[in-house]
Amino acid sequence: MKEKILDVRHLRTEFLTEGKSLTTVNDVSFSVKQGEIFGIIGESGSGKSVTCRSIIGLLKDKGCVTGGEILYKGIDLRKLKLKEMQKIRGSEIGMIFQEPMTTLNPVVTIGRQITEAIREKMTKREKTERAIELMRLVGIPSPEERINAYAHQFSGGMRQRAMIAIALASGPKLLLADEPTTALDVTIQYQIIHLLKELRQKIGMSMIFVTHDLGVASQLCDRIAVMYAGRIMEIAPAREIFMNPKHPYTYGLMRAVPSIYRKGEKLYSIEGTPPVPGSLSEGCPFSPRCDFCEEECKRMIPELTEESAGHYTRCSRIKKLGLGTYKKVSGYE
Amino acid sequence: MKIQFRKFSTIFWLATIVLTIVLLMSAVPGLFTGYDPIKQDMTALLRAPYKEHIFGTDNLGRDVFSRVVYSARLDLFIGFFAMIVPAVFGTLIGTLSGYYGGKADAVLMRILDIFTAFPTMVLVIAIVALMGSGIKNLFWAIWLVGWREYAKLVRSEVVVIKNQDYIAAARTLGYSDLRIMFRHILPNVLSTIVVYAITDIMMCMLMGASLSFLGLGVPTPTPEWGAIIADGKNYMMTAWWIIAFPGIMLAFTGISISIVGNGLSGALIDRRNG
Amino acid sequence: MDEFVYILKRILQMIPVLIIVTVLIFFGMRMIPGDPALLMLGNRASDEALAMMHAKLGFDKPLMIQYFLFLRDCVLFRFGDSITLRMPITELFKQKAAITISLTAMTIIFDVLISVPLGIYCGMHKDSKLDTFLNSASLVFVSIPEFLIGLVLLMLLAVRIHVFPVGGWGNSFGEHIRSLILPSLTGALMTSSLVMRNIRENVIKVLNMDYVDFARSKGLPEIWVRMRYVLRNVLIPAVTLLAMRMTAMLAGSIVIESIFALPGIGQMMLNAILARDYPLVQATVYLFALIVMIMNLITDVSYSILDPRVKL
């Protein structure tokens, strides 16, 4: 079994707004192994991006990690000073974002944005060569000419590639990908997914891939965590999540994906809307929308328990339900 | 344009009270003072504020308080009248130009481009410089300059609105262009115009006062805040009250209009977005 | 090369605008009812004096000829003599320009010194006490006229406690600087209020941009992120706004120079207007138009240099 590169334990992140504190990530535990692509899926507002940002310590506004441990190679990132964290960022943990247009500095050339991130001591010329190399690696054509271009001169897909090149500049061992394909056309999406897969093979980089797109997750991830209202509902190998979902929420998500194998069937949709942070009462956060909800669900939140090898689920009714195998979900090979 | 008044802050209401007092002064100045603002009293020259002349007297023995009170009417009038003419004219031009488009629109845009390069106050002073000073030319100068902003503002919104579906719907119903423009497009632009116009009243008032201060606007002895301050400037060392009180009034009125404008624009924009 | 072509094109475009300006200046003045010569000399002028003034103003020639002569003078920058000051107008401009230019330069320095640090602070500490206070202060400075600000400063700092001279230009370099401080502060307060707000809004906007977090995620030091990512993106729009305000300073200089008795172009123009010195008024208005257009050109070009997204 491969070594764990990242181990998140009972992570809790709160946001302070207007004097109130909102818990957006609660009791999140998972681990990422060396060379693994770990997916986090969930609706918008489920706390998946916040989880990502908590790991690298770049929460927006008044966000703050208030509990748990984030162990990277055995070091708790929460205990590091800003200076030490800056050493981790880039060279150990990198991050890519959703919107490439707003993620690249509009007034600095792509080349400089790559070279400034290179941590190793080298001459300017070597850095430039390295930047060209990186741009070639991520598939930007004629990098020698493009190195002095600005973000607005790139197309959407090229920007995303440039962003990946920048994130790779100082060779991170773990890449946090916060919905990097969401803003792209489907064909470009496919190219970027392909690129990320390739990069894992070439550099052996681990990755946390956040998305709300089940199709994308199925193509890329080794293991997947399903988040709902700031909590992980289910963690399992990707195949298990898609073929054998055990939590009613995951089950609902899978049924909500159209499939060519279920022609003529009415497409399922989960009733209701996800809860607004702060409006949660005690009990399972999914209970108001759950088809299988019972009195017990409304009273307490179940623990995340291992149902079968490597398959964890947070549902108290799992034994009785036996949701069983869900076959032939689209996109999964 | 219905507005929820409960949402406004204390400072907004204070500003409203100040404006109400100023409006009252301009409507019935006699209510505040019994003195004639231009009557000279050679027995009481440059007197510091005391019981009979609470704001003191100026170098010609005129009561500063009554001059300040009587000024309110003219200053507000300048602010309002200098705003309203170009506002109406600019809105019309902007609507027509934005609605019909075409060559006339292109020409108008070109003219606007050239003239927006010139700062308002520079143009106003240039016009007054060429046409001569006085209150009539002051109005002409502001009118000739002021419509640019309205035309630009309105045109840019009309261009967006005229492509909306409900305008197309109105057209299919066979409504005339005039009816579409005035019944369906203009009401949507109105809140933008009002927001700009409120600040514009202040700007016009300040411009009028500035020009009068320079001696290019309201002629003496007509009471006007800027002009009173210009008169008092020569006695600044000895008789501070001549410029202090009209200065305070001018500042308070300007700031109050700004606050009220800010509050209203906040409410109007909230309403539009919500 | 592209820049050169662009600048040339813009200069060529200025020509028709300048011709329109000369037409407006020339005929605008002639639209005034009454005889300008009579207005200048007063009602009791003798017929000979009136005829002489007519000849001096060129009124004895046909209108179109007069216009073309005026146009020629504008092109050659040869404006004849001022009637009140009895000196060649070009010479007057040369004498007075230094004062107005130094006033503008010092105002811009104050603008930058006030607006940049405060704007950045307020943007970074949104809704802090200082931010709220400065927001109200900027509202105040935008809502009161420049002459009032000038008079208040004059009363407080020159008349009451004699820190600065009450007016005038002084004779030495040190005196010049000292006499410029209050006038340029007056000019700067309103502009820097506007620029400060602009910078504040932009700081808030930029800090929320992903590229700032992305830069941090690369492990860049905070100071580097602030300088290259935040500051650069914030200051580009501020520079344009500041440049635009510089042209507005032309009007400001008239007010300010008259309050602080600075013998610059602004004061000269005001006196010319009040004394109905038409040749001088016409020449100054023309000069202002020229300055505004040149400043706009410089602004556009420098903007395109600063911001790679803007193409000439």
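Going in written order, the chains are labelled A, B and C, and every chain counts its residues from 1.
As a working rule, contacts are C-beta pairs under 8 Å (C-beta built on N, C-alpha and C of every residue); 3 or more make two chains touch, one makes a residue touch a chain.
Please read all numbers here as calculations on a predicted model, not as lab measurements.
With A-C and B-C as the two chain pairs, more C-beta contacts join B-C.
Farthest chain from chain C, judged by C-alpha centroids: A.
Centroid to centroid, with C-alpha atoms defining each point, chain A and chain B lie 55 Å apart. The geometric centre of chain A is 54 Å away from that of chain C, both derived from CA atoms. Inter-chain centre distance (chain B to chain C, centres taken as mean C-alpha positions): 23 Å. Contact residues on chain A toward chain C in their complex (touch as defined above): 53, 56, 58, 60, 82, 86-91, 93-99, 102-109, 116-117, 119, 150, 152, 163, 166-167, 169-170, 176. Interface of chain C with chain B (complex): residues 17, 20, 24-25, 28-29, 31-32, 39, 139-140, 142-148, 151-152, 154-155, 159, 244, 247-248, 250-252, 254-255, 258-259, 269-270, 272-274, 276, 281-282, 284-285, 288-289, 292-293, 296. By the touch criterion stated above, chain C contacts chain A in their complex at residues 208-211, 213-222, 224, 228-229, 232-233, 236, 306-309.
Here chain B touches chain C in the complex through residues 114, 117-122, 124-133, 202, 206, 209-210, 213-216, 226, 229, 233, 236-237, 240, 243, 247, 250-251, 254-255, 257-259, 262, going by the rule given at the top.
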